[in-house]
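Heads up, the next two complexes both have chain A, just with different partners, chain B and then chain C.
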Partner chain A sequence: MLFFSVALAVARRQVYRVFTKLSFFLPSLFPVLFFLAFAGGLTRVGEVPGFDFPAGYEAFQFVWVLLQAVTFGGAFTGFAIAGDFESGFARRLLLAAHRREGIILGYILASLVRVTFTGLLVAVSAYLVGMQVLGGGVDLFGLVGLALLLNFSATLFATGIALRLRTQQASPLIQTPLFLMLFLAPVFVPMPLLEGWIEAVAAVNPLTFLLEAGRSLIIGEPAGVWFAYGVGAALALVLLGWALTGLRRAERSGS
Partner chain B sequence: MSRAVLLQVLYLSRRSVLRALRQPATVGPALVFPLLLLAVYASGLGPASGLEGFPGDSYLDFIFAFPLVQGAVFAAISAGTDLARDIESGFLSRLSLTPMRPVALLAGLLAGVVALGLFQGVFFLAVGLLAGVEVQAGLLGLPLLVLFTVLVGLGFGGIGAILALRTGSGEAVQGSFPLIFVSLFLSSLLFPRNLIENDWFRAVATVNPVSYMVEGIRSLIITGWDLQALALGFGATGLLVAAGLFGAAASLKTRMARS
Partner chain C sequence: MAGSNGIEVEDLVREFKGGLRAVDGVSLRVCEGEIYGFLGPNGAGKSTTVLMLTTLLPITAGTATVAGFDVARQGPLVRSAIGAALQEAALDPYLTGTEHVRLQAALHGMPRKEGRRRGDELLERVGLVEAAGRKVGGYSGGMKRRLDLALALLHGPEVLFLDEPTTGLDPQSRQALWEEVSRLATDEGVTVFLTTQYLEEADALADRIGIIDDGKIVAEDTPEALKAQIGRPSVEAVPQDPAELESLGDVLGRFGSPVAASSGAVAVRLERGAGELAEVVRALDGAGVGVSSLRLDAPTLDDVFLEKTGRSLEGESEDAAEETPA
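This part shows the complex of A and B:
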């Protein structure tokens, strides 16, 4: 099998599973829930002295929820890979595919389809609750680009772990670092309003740069966007190596 | 309850508790995640306590109900998943061939939830007090907070058991987690109802029993002895427990008839 045909076959199977199995599909609704809970219930947080975000609290939360959705889209792909190893499917796949890197690309493509769907769900929910978008088309394109870059990185991270451990018990190892990265960022208030330990952690968290750039794009005042893209690209590059070396390990293990 | 049934309950409770303890991947997140989120919410939403009308002057005190309720939900989901695994592996079918009473199975399973809930309640409370949570109800309020945690866990444990018995699938129980989470987040768990600006959200939070459970717990921490909040909190929790237990008993009857 050639590289792209392997990728497409894996992607098609994975997308089919996501949209036909309830247990795969339901987690896609999580980000919508987060958005409704945070943007719906916490709007008054936008009135805290020093909170200055012209598009309102819904738009402020939308960017975080979007990044959360794409990150967890990557994590769920990792769970699926681990599940495929447990069921024996991945072993047969490794035997059948000549260009095994195509397997990773397949899972990445499936993850992209999944997060596109989830992202649209979140966007529709945001529209329904009256979110304001002050940025133009180019700004929104930039925001979507950041989200896709993050999904790419998160999928590679989860893939690397799943290929190394090849068991669903790896789920906490996939989920926990991503969860920490997401929540140890300026989730509820802007960076200048954070205090104490979380401010120090958020200042060095790579997600903070993507989040702040995304928020600047949604209000049409881009700031730190190229730097955020640089951080995202660096993450993706490092994690590509992580996923590929994970694939080599899986090949060597023969399982 | 006859001595034989009591013995059955004891055996199955021991199995349920040991199974939970032997799965660090289950117990660990049920203890760590709620505390982690508590730290994140308390730090990230700290400035909100300065808003006019905010109850108390510390968001940490306000949000302390969160780990107690969320931990109970985690425990309940894992109990439901364990029961579903018993169905998938055929354990329940084999059990139905023995003189074991169905009620013993349910009581045994829920005893595991209660044990974990008790441990969580004490653990979260200890960590909370060390982190600076001030319980206005004083020393007498502490066991009541633990009792709330256990009862909330028991109620959600019943829901987890219903899901497991109806579907017989661990995946389906896990998949229902977002739906149970909806009930937590669409309540006054993160923000006081009087400060929720969106009408639709406030309306949903007002009819959501979780709001009253949370406000009952919160009243002990922020207000002291608010009898109305406690009555509403225990009332809502009692309803959840009753619905969970009756639903689980009915589902078990149907399942055993099928086995």
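This part shows the complex of A and C:
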């Protein structure tokens, strides 16, 4: 019971900060700008020979922007954790929390709330610019599930780094791997159109599986969805260990 | 025995990387409802001890129980039983005082109604009712300290840790905090573990004092008993003619070793106690050194500190206070 009260208290504060402080809130809008820039400015990429995506380029790009939004939602949560340690506020949480794992759950819940808001904003923007969705309710539910699973993993990854470094200097170390993972994937064209080293890297990039599965769901032709969930779940499991060992490190440091 | 709500520490050690022993075999007992003053200069190991006892830092060796719970093995239970206001008040500048109270109540799993009632009561007690709706970023140092204390008390802890709670506070705020700490121990039976580098604070508040230096406890007793160990008072004299300061020093030097004195004065610790005062007066008269004032001072905690460590704490605490932003 105390575990959940700690988690809810941490989550409530984090959500409150995001939605009441402009500097914390603004990054939530970036994915909308990404979507408008990529889907708007690169629409003719969809006319490249071999580019076969029945729902159109907006829907193709929406899935990537959605996954990008949830990934960076996790990164921003990591920045917040690092900031709490740097300012000393984390001591209040560590001192009061009966079960300290509840602190991590709290940050994860806050991250989920944040990306739900951002995801909705991106979805509304996409509908406004005429995105077609060919998948049904179950497909969309599957897409949302994939996005939330990715957010969970990204938050755990960022949490692990933030808890190890406990300073804002953790930010580039959180951001860079996530940025590489996002862009070393079939971002602008489908996987079959990639060539050379980028194709080789994208083929083993875990994000590719989630992205391709997400795109198959939005056009209502699910392919590789269970495998993508498996990859997402495996990532989440490994990164849960990463975050928990980070918490143990932070506890040992006396932060 | 310390009792179930006290503190028992046995051979506590904290070693950092490179073999630095910040705390080196500290043993102490604090009884239920007692105010224990942990006195020492910067870097003596006071805060490291507090971090270990509050489960914020693992123990390298030794044992410690707080409120009857083992610090190393029952961390969650220790945290439920204690409140702590550490050196740097851990506050979020973007939250108001009231929001901090609600967050703290939720972290402790207090029912919402109970948290609000207790929070309102504590905010009133620390004089923050009017400022409660303001963001903490705009609070003064004293207000932050008072809010931190209120938050530490919110869940009704049995043991309260205060790590240099009055550093950087103005005299009025310091006095108010002292009164509140005394009231907590006397009226509510809260055990208080107070670290300080202010001798006056330890003297005024603590039932017992432990003096720590270089990670080791060098003396421990009631303030009166510690001062009685020194036994010998000091005498301070101001010459009528400032040019006679050196001669005055020569005469007083026959009666004991020099100690810190006010500007334009000379002071010595009387080797054979207060009974020597008459001889001091005769010696000054004999030497033809006139004095405008002659004062006999009882031993202070700084004398105790000087005796035990070979260093004075007075200057160090003043320096630290000057360095600490309000």
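In this text, the second predicted complex is superposed on the first by the 254 of 255 C-alpha atoms of A that agree within 3 Å, B and C clash if a C-alpha of one lies under 4 Å from a C-alpha of the other, contacts with A are read in each partner's own complex, and residues count from 1 in each chain.
FYI, contacts are C-beta pairs under 8 Å (C-beta built on N, C-alpha and C of every residue); 3 or more make two chains touch, one makes a residue touch a chain.
Model, not experiment: these values are computed from the prediction.
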First (chain B), second (chain C), both or neither touched by A:Phe30: first
More chain A residues in contact - chain B or chain C: B
Complex contacts: residues of chain A adjacent to chain C: 1-2, 5-6, 8-10, 12-13, 16-17, 20-21, 87-99, 251-255
Chain B-facing residues of chain A, complex: 22-23, 26-27, 29-30, 33-34, 36-38, 40-45, 47-51, 129, 169, 171-172, 179-180, 183-184, 186-189, 193-198
Chain A-facing residues of chain B, complex: 25, 28-29, 33, 36-37, 39-41, 43-48, 50-51, 169, 171-172, 174-179, 181-182, 185-186, 190-191, 195-198, 200-201, 205
Of all residues in chain C, those that touch chain A in their complex: 48, 51, 54-58, 76, 79-80, 84, 86, 88, 90-92, 94-95, 99, 103-104, 106-109, 151
